[in-house]
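Can you keep this structure in mind? I'll have questions shortly.
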């Protein structure tokens, strides 16, 4: 039994094998981390060379500084993507940012990490040539990951709405002050808690902040959300894993401890006060992650979490 | 929004409201904990009285000692159930045992706890009269819970097969000797670990032994399985939650540490040696749990785990 | 063997038994929580009545609003205590504040909690009459608890110094940004970590924030300090318990993630930036906690942490 | 400030510098792991060569198979050690065994690991030549580690007594049956618990089984004992760290769940039943561990626990 059965990734070689002279993705967009330096420029040049060798129409994101001004770059905009594959060069942070803005365009995303191996950006710079060529020739796997949508309601008015690929957190504003809130699932009270906060994560986010906070690993193909309290003052709280179809609501209690800050993937922040409601649900669009063929989630876990290391 | 939306429980009053003179369950079977004493006898007499008042045909399990010899009891067998509702009087242990043997008969089960409130046996003795009457009159909720099936293969021969409602564990045989094994999901290696063992649990079992071992709470309606290592020698292991459709395989490694014991709900035990494979998958039949109308899983959690208590 | 052997508490009845007509503490000072309301006023009146019945010279802290203006109150100052016993009426927060300012005066402190039982304020309002009378008659136990002292050095200048009875923490300033720092013990590197922060706690503080963050319980008579990382990004970190004689140093690393906020008992806060050093060591003065005779630390733990409750 | 201040290790160069022609240890004893194979033989030959080059009188333990029959070996007995330094070649298991039998002889021990780096056997085979030469020339550090003593009392008769360098555990006998017991410290009840068992560990043992069970790291120079419940059925239990001067008593409760097995360093086992008492206290003798000069406990922790690895 192959790995493609254990996750929503599907190796696509067969689909495109007939016409190998046409690239699997005709139009490629490139999103880059700002200030990526020479390391980025090198990956970028590699990428462009492979694209051109495959007759791929490539473009760089509008507004991004051209990593190599000697190579004139066509441009594309996140608002009107019109690309068949987006390659993100950066780290998991750049990927998160790109994923949030691209998810409604249904365009596949491939991540190249500039630093160490990422959970999302899982192509290393030295592998770009080999892996991108294979991908353009149709040998890759594709995986769907869902996102969360969070709405902040105040006096029945939506004051903010945003999506997150990893997690939506509600945390204390000041380092020395807890938050206190009620949490409900589909209108049923789960608990009222005093803590440093709570992380609501997707399977993708279960290997990020939620893991630091003591949450479980959630398999990428499970339609579930993790709810992890951060330093709760009730010792018998445990992380909760629920079906992603539920509505999770967080309501600060009255009093000095109530308020805090909501964060989306740790990148967007918004205050939440007593009387406000944070509603979290599954977002209607997924992202499509492209992996080199043979991608193995558990191998990545062993590598990133040091499971293969000698134990004590 | 009501609780019935947050879980697979469905309040059934409407379904049966038309003919309230007919009991919702015409034939009732009673399974009792052995040696339940006078406390059991009292619940039993209550139960029989309510059944007779509702014109229900009741029967006691074959082979069980009649808790009140003054009341002649018709008998039924677990092998040929032919009952419309089984009431289990005992604790979660009696429920687990009954669930494993009844699951293939698709008969609803109601649990009355003799001791303290259980996760499965959630009717208290003092509530029997009120709740059973309501249930017979059609006011109840029903919830499906899935089970796990474990097969032990040795030299390509299945040497044992059993089901579990809570969990299947693989643990060391001697208290001072670890086990060491490979774990695969759908044929893909997850890790090779040295530990006291591993718990593979259903959502139902996520509030039992897996919780002691550090596992998360899994909502009863989530189609997922928890995998929790017990005292692993790799500090970066974390509980894993995967879709219940996967096949989990556990293979002891060669050497003195390999072997251990497989347990089903902590009630059936079987040695597992190097060369053997333990295969765990979702069982084809569910159990049907009957709850009094208004059953609230999170309220039960708060109560059982002490979340409502004052915090430190 | 009695409880007095298991902790530094010593029952004192014998010492003072000879002259029971003289109060064990001739001069009593009262410190109160601001805005304690009628509940406070009642405890206060009780306290004053018992003091007067025992011929004790009592005084209220300077600047505190008199809870009962009908009772003229002599005053005392924290700067020149000149009291033989301080009774704090409030909660653990009021006790922490009082402990930090009184520790250098070597005056015993008794805590009366207005809310629920505290770890420090362990006399309930309804027990004030009985317990205070016994204490004034010499029946009590006394326990020493040590404090931590934290110094912030910037360019070789001490920019802040404060003490803490529970803990000194270094945490991220913004809810979505980790800190990154090196930690040394007596000049030896322990690790460089990225996390939400770190708690350095006394045995007293091991039942407070450090416990939420996953730290162990440290017995009150152990001369040790707990070091607990908060949501660390290295999964194999574990709380560390070291002898209280060591010097613990925390140095933010260079870059955007370095800085954060230092808190003393969660009540005093100070920024800490790259280049600064936070040095934590045992403070030279202890506090002296007075308990009613028969005080039992483990009974308090069972009560406060819900150990006596039914288990799942 | 150097590492020698942070722990009881003391670099000894100065002490012996005057007469460098005389070895720091005149008589050396060698204890070896059984069945160590060619890898052991090589380390052994190296060791003997260095000893002879330094004019050291060396001997192999009585009864051990001579790893190189071509080298005639003088013998010594663990019962009458009469050696100035014992070198243990094996792993932490061989060290634990040697430490338990040698502790009353007050002889220093040096550990050479045959496999991967150990917490106790911290000299690698390739370092034997360099480190042993330095040690014989007086450049080393010495560290004292205390042991625990456990006594099993039945009907007021001591039925077993043994010591442990890492830990004394009480665990369930069968993998699927919990133990239930009362634990007291100096006669005061701590709690009554149902669990898979409990680990009582020294600082040395805090990096062994207790760590797998969720216990904290205890610095080697702290005079403290860790008490860690294994998979307890009360979710609010936390590891407890107490002064090593206390007496810890474990008493199984009446009933089928009471009994279990006591283990010393996981190497000696003894049943413990209802009515028996397991008493654990600090043993009167320490062991003396020799380390190469510059030994750094926290560096060893970073290495063994993977703290230096990249984080997720």
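Labels A, B, C and D are assigned to the chains in the order they are written; within every chain, residues are numbered from 1.
The definition used in the following text is that a residue touches a chain if its C-beta (ideal position, glycine included) is under 8 Å from a C-beta of that chain, and two chains touch if they have at least 3 such contacts.
A quick note: this is a predicted structure, and the numbers were derived from the prediction, not measured.
Chemist: Nearest 5 degrees, what's the C-alpha rotation angle taking subunit A to subunit B?
Modeler: It is a rotation of 180 degrees, to the nearest 5.
Chemist: Return the chain pair with more inter-chain C-beta contacts, choosing between B-D and B-C.
Modeler: B-D
Chemist: Could you label the subunit A-subunit D interface same or different, taking same to mean over half of its residue numbers are used by both chains?
Modeler: same
Chemist: Rounded to the nearest whole Å, what is the centre-to-centre distance of subunit A and subunit B, using the mean of the C-alpha atoms as each centre?
Modeler: Chain centroid spacing, subunit A to subunit B, equals 36 Å.
Chemist: Between subunit B and subunit C, tell me the centre distance in angstrom, where each centre is the average of that chain's C-alpha atoms.
Modeler: Each chain's C-alpha centroid was found; their separation is 46 Å.
Chemist: For subunit D, write out the residues touching at least two other chains, lowest number first.
Modeler: Touching at least two other chains: 211, 233, 235-236, 238, 305-306, 309, 312.
Chemist: Note which residues of subunit B are touching subunit D in the complex, please.
Modeler: Where subunit B meets subunit D, its residues are 169, 171-177, 195-197, 209, 211-214, 230-233, 235-236, 260-261, 263, 266-267, 269, 305-306.
Chemist: Which of the residues in subunit A end up touching subunit D in this complex?
Modeler: Residues of subunit A touching subunit D: 116, 119, 207-208, 211, 235-236, 238, 304-306, 309-310, 312.
Chemist: Could you pull out which subunit A residues touch subunit B in their complex?
Modeler: 1-3, 5-6, 185-191, 194, 211, 215-219, 221-224, 226, 233-243, 246-247, 296, 298-299, 301-302, 305-307, 309, 311-312
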